[in-house]
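To keep things simple, chains are lettered A, B, C, D and E as they appear, and every chain counts its residues starting from 1.
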Amino acid sequence: MFLGKVIGSVWATQKETGMENLKLMMVQPIDTKECESGQVVIAADRIGAGVGERVIVSRGTPARILFGQGNAPIDAVIVGIVDSFEVAE
Amino acid sequence: MFLGKVIGSVWATQKETGMENLKLMMVQPIDTKECESGQVVIAADRIGAGVGERVIVSRGTPARILFGQGNAPIDAVIVGIVDSFEVAE
Amino acid sequence: MFLGKVIGSVWATQKETGMENLKLMMVQPIDTKECESGQVVIAADRIGAGVGERVIVSRGTPARILFGQGNAPIDAVIVGIVDSFEVAE
Amino acid sequence: MFLGKVIGSVWATQKETGMENLKLMMVQPIDTKECESGQVVIAADRIGAGVGERVIVSRGTPARILFGQGNAPIDAVIVGIVDSFEVAE
Amino acid sequence: MFLGKVIGSVWATQKETGMENLKLMMVQPIDTKECESGQVVIAADRIGAGVGERVIVSRGTPARILFGQGNAPIDAVIVGIVDSFEVAE
């Protein structure tokens, strides 16, 4: 997983099967000093993450498992909203 | 998933099984300011994305799920055509 | 897998199904001279890795296999605590 | 998938099960101006791609699907030989 | 797959289930001029690769397939020891 910050939302009317009723957020990966670190990822959100919140994002088939037998072609999901993190100096 | 811009098409006559009748588009990943961000990806398109449009691309096995039990060796698919996106400053 | 150093922990109360009771560590990938090398990864830990320890992290579906038929959306796991490594000059 | 140029071949006598009788090509990822773009990938070729040809390479489990139930540990396959591509300015 | 050079070994006593009796090598990805190219990968070796040898490494689920139904959380395996490779100028 990676640490990210929710920076926005994206909308698409014309889409593939399995993409209906999904909330898609733009997540900027950040480092432990909360600086940008790598390319923005579009992740599905089912736990109510809001813009500005720090989140944990999982990717690939392990993330897709949350959609069970369905055909949602989702390769990134917000799996946690960060309360806090602690990094050793 | 990542945000991209459709920049072109690619054609191949000699190809693997499972690659028949697929429309393959070249997608340039972009950042939230629509600047280029990373290497071009060749993605299958089944929803009619056109050159110049901003799209959402899914990758890996989660993307391939759209092709069901078939043997299409597809690792990237355009899953949405972006209407709009909103990014917090 | 990659070589990393455990640098901290992360906590999330609001989370996806399958994320309960997991210890999540922040792991900094390092090179053979133990210098930082790439973006921090959040990995699940079930073997008691502590901050400062060097670990081996596996990613993707091969890592998730440790969670069996469950629905844990985990894409990175600490699979070993490094005793030592030896690199040829 | 990515766009690449076949730049050579690689041979290995001592190998894992499932690697027998495979033609392995070295493919340099290229951008739309045909400049080098990223690290060389070793891909299996079953469609007769030759050195100098531009090809489409698929990766991961979606690529491996071409080998069916077998145990070929192949994570990259040449899935098309490019006839032409067109990129908008 | 990628081309790499075996540069060392790593040992771990405390480890996850499925990691027993595995020989883990550190592999430096190299380019066609044998210069370092990217981050070191820890790969399982079952074919007797030695330090200094050039090898082919496969990653992800396609690599893990070599471990069959077991629960080895292995995401990288040395699948061939390179005899020679040939690159066009």
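Everything that follows uses one rule, which is that contacts are C-beta pairs under 8 Å (C-beta built on N, C-alpha and C of every residue); 3 or more make two chains touch, one makes a residue touch a chain.
Predicted model, so just to flag it, every value in this text is computed and none were measured.
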Graph distance between chain B and chain D, where chains that touch are linked: 1
Chains contacting each of chain A and chain D, listed by label: B
Turning angle required so that chain A lies on chain C, C-alpha fit (0 to 180°, nearest 5): 70
Interchain centroid distance [CA atoms averaged], chain B/chain E, Å: 30
Distance from the mean Cα position of chain B to that of chain A, given in whole angstrom: 19
Two or more partner chains touched - positions in chain E: 60-61, 63
Going from chain C towards chain E, every chain in order around the ring: C, E, D, B, A
Contact set on chain B toward chain D in their complex: 7-19, 24, 26, 39-43, 51-52, 60-61, 63-64, 71-76
Of chain C, residues touching chain E in the complex: 1-3, 29, 31-32, 37-38, 46-48, 56, 58-63, 65-66, 68, 77-88
